[in-house]
Amino acid sequence: MKKQYLLVLLLVAFSVLTISGCKKKNKEVVNVFNWAEYISEDILEDFEKETGIEVVYSTYDSNESMYSKVKLLKGSGYDLIFPSTYYIAKMIKDGLLAPMDLSKLPNVKEIDKALLNQSYDKGNKYSIPFMWGITGIAVNSKFINPDNVTSWKDLWDAEYKGKVIVQNDIREVFHIGLTSLGYSGNSTNPKEIEEAYNELVKLYPSIRLFNSDSPKVPLLNEEVYIGLVWGGEVFMAAKENPDIKFIYPEEGAIGWGDCYAIPVGAENSENAYKLINYLLRPDISARISEEYGYASPSPKSREFLPKDIAESAILYPSQEEMNKIEFQNDVLESIIVYEKYWEQLKTVN
Amino acid sequence: MKERNFFNVVTVAIIALWLLIFAFIPNIMMFIISFFERSETGFFDVAFTLDNYKSFFSSLYFQVLFNSFKMATITTALVLLIGYPFAYILARSNFKYKSLLAILVIIPYWTSALIRTYAIKVLLTTNGIINTTLETVGIIDAPLNLLYTEGAVILGLVYTLLPFMILPLYATIDKLDVRYLEAAGDLGASRFKVFTYIIIPLTVPGIIAGCLLVFLPSLGLFYIPDILGGAKNLLIGNLIKDQFLLARNWPFGSAVSNLLMIIMAFMLFAYYKSAKKINSKVL
Amino acid sequence: MSEKYLKNIYLWMVYLFLYIPLFILIFLSFNSSRYGTSIGEFTLEWYVKLFDNKGLVEASLNSFILAISVATIATVIGTLASVSIFRFNFFGKNFLLTLIYVVLMSPDIVMGISLLILFLVIDLPLGFTTLLITHVTFSLPFVVIALFSRLAGFDKNIIEAAKDLGADSLKTFWYIILPSILPAVVAGWLLSFTISMDDSIGSFFTTGPGFEVLPLKIYSMVRLGVTPEVNALSTIIFGLSFILIVISQILLRDKTKTKFK
């Protein structure tokens, strides 16, 4: 009996030692903080081979948790993070991001000018686009004629009751409420938010689910026929089931983007620049884009992509659609107003 | 107190120190924060206020609380209903590998909780196993909406928490002294009477332990309502998480968490009081 | 006879309920449909991809080592303390018991954030140690509550008898108390191991770069869609733990048998 306990103790001691021994201090590293699997393992390995810099990859599940942790750590601990556009402005304001030295990033020239200099970070002083995409309407043409759907307002149609999907994302849901009334999706006006809430209350009975993960699965399972879905997800779903179509709402699609940013306390920012510059290479950016169906910010990367992706109207909107897109930005302290109505929406109904 | 020897002092001191540093201090910290104001730039401003508690007293949050307690109560009742007979049969059986069978209860739970929840989703989906089977057999014509319902959430909770009921119950029933039962039988008690008057009272500690380990965690499992329920109703676990992360309102988030704890503490207290009363009557 | 039959059927039905999601997982891990939305062909693709996925394999190993350490430490601390708390009255006993309930009631996110603040204040580098502390704290109530349910009604006279015969505290604990509470000790260990393998929110806040654990990694995949490699991984984890447990139980049983012969 005693021998077995001794064995367990030894095992624990051994494991503690091996783990603490694993951390080699002399090696060049870059501590990346990102969504899990957003950059595939083989790309990171290629980078390691090319530069000798080891990528230590840590993960988060949402912008909100990433923000809380980075803020608690006062911007230290990680060298490269990937906040979405609407968190960039917030993090700049809080002084959590280090200014970007563009001279260390020659590959910035590859990025589409239309994606630079956006309202969330004028002049790209703190952030560079990593991947981007749009949110529009997905329709399963087996059940719903796509020609009848042109606007966000069509989601309110009583015909689709119980068959509508929206993302479990406060900003996206309010975005359709706001833009269907003609307001900005980044509104900070409490009156406008309240009006949007009143519209959403009418939409609520139609909603089958507020989706918390990848929305292609309920679409493919025919749980839902129509709804608010990211373009990349529709593209992937359409590969499995060609009945699933994407529609640009006339109010304009919602634009979102994840960006490279370096926290103020980064200890290996030189290595972070090297990694950003590497990932900005059109051929590398193309590999990430192909894996997830999100759009690469580099126009040249399309040369490296399979034809169906490069020429997809879902992933790469036409100039006309591009002009209508509104990118998500920080709503400052109005987030409390949003949150209050969000709680009401899900409770009172 | 003559037994205050080295062994006891050390063992109690270790857990007491551990809990003081890693449970008491953090919780006191959050308790204090709940009396502060929300900050625009930080997570809180050091300024005393009772507003966080006041704003909880609204019909909106009472509804959230009510829904959460309803779900937790149904879950606990179902888990007890399924788990008790199981633990009882297993613990009183004479299988060769009884303890192995008890451990097999928890092995599925060593894979990720999230992944098992996804597997339940596959089971319930429109063209999933249940719907297809029912349709083939001819019980239903059109697929049932099983997923994204309250029932799906409860199924997920029951599944996830079942071992937390079974294992403590098994450990309690396993030590049950057979002589009591035999004595009662010899005295002519019916099996029903033996069960209600002897077995159940003797296993009450296990029932309480199981209910605690199921009821309390079930209030906090936010990913199950999100994934299986379609996040359509706000439950208290989601509320606290959203207040901390989304609204960045730590003071209110900790106020909600404190109130929840106070309510549960009150329930536990009331339970122990009444349990004592009943016991003293019986004895 | 028929009653025994019914009882067995009930047992197997509950086991079926517990294992159905596992069967689905195993099926999906060999299914070629990427999103698990249709029945495709038999494939080993996800297993091949899994072994190329250094991050996922490393996170699983980290989780296993962490969970074993957590369960062992929590069980040792929890068991010793429960027995002492059960046997003796001391100043602050009720306070200690209240703290145990407080941990059980605190939402993970509250504990996670406040522990992170604490670790930052005492300047403890985030990683294995901080995760270990967090998970042990989460597990302690499970161990203590499981132990208490078994200890309730334990005949203290036996301990007195042992004492009178000259056994010291350690001996009494090892030879008298431990054998009779062993099932609860095992239950406490198993519950703690499970808590550690499943905690994502607490882990998120209290780990640092370089020590990634599996539940956190899987939870972070949610936005982009959980990859089928995870099904393959879960199948392997399940298979390994199943085989290990069965073998160890059979070996243990043989040993105790020969001992008593």
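Just so it is clear, A, B and C label the chains in written order, and each chain counts residues from 1 on its own.
Operating definition for what follows: a residue touches a chain if its C-beta (ideal position, glycine included) is under 8 Å from a C-beta of that chain, and two chains touch if they have at least 3 such contacts.
Source: prediction; values computed, not measured.
> Using the touch definition from the top, list the chains contacting both chain B and chain C.
A
> Using the touch rule from the top, work out which pair, A-C or A-B, shares more C-beta pairs.
A-C
> Where the centres are mean C-alpha positions, what is the separation of chain B from chain C, in Å?
16
> Taking each chain's centre as its mean C-alpha position, how far apart are chain A and chain B in Å?
34
> If a residue has to touch 2 or more other chains to count, which residues of chain A qualify?
In chain A, the residues touching two or more other chains are 62, 65, 68, 212-213, 221.
> Listing for chain C: what residues touch at least two other chains?
36, 113, 117, 200, 218-219, 222, 226 - these are the residues of chain C that touch more than one other chain.
> Chain B: which residues touch two or more other chains?
Residues 223, 244-245.
> Please give the residue numbers of chain C that touch chain A in the complex, ascending.
It comes out as residues 33-38, 52-55, 62, 65, 68-69, 72-73, 113, 116-117, 120, 126, 128, 200, 204-205, 207-212, 216-227.
> Within the complex, which stretch of chain B touches chain C?
It is residues 1, 3-8, 11-12, 14-16, 18-27, 29-30, 82, 85-86, 89-90, 93, 96-97, 99-116, 118-120, 122-123, 129, 159, 162-164, 167-168, 170-172, 174-175, 202, 205-206, 208-210, 212-213, 216-217, 219-220, 223, 237, 240-241, 244-245, 250, 253-254, 257, 260-261, 264-265, 268 of chain B that touch chain C.
> What residues on chain B touch chain A, complex-wise?
Touching chain A from chain B are residues 38, 40-41, 43, 60, 63-64, 67, 125-128, 145, 147-148, 223, 226-227, 230-234, 239, 242-249.
> Name, in rising order, each residue of chain A that touches chain B in their complex.
62, 64-65, 67-68, 71, 93-94, 162, 168, 170, 207-213, 221-223, 333, 335-336, 339, 342-344, 346-348
> In the complex, go through chain A and note every residue touching chain C.
Within the complex, chain A touches chain C at residues 8-9, 11-12, 15-16, 18-20, 23, 31, 33, 35-38, 41-42, 45, 56-62, 65, 68-69, 72-73, 77-78, 212-214, 216-217, 220-221, 240, 292.
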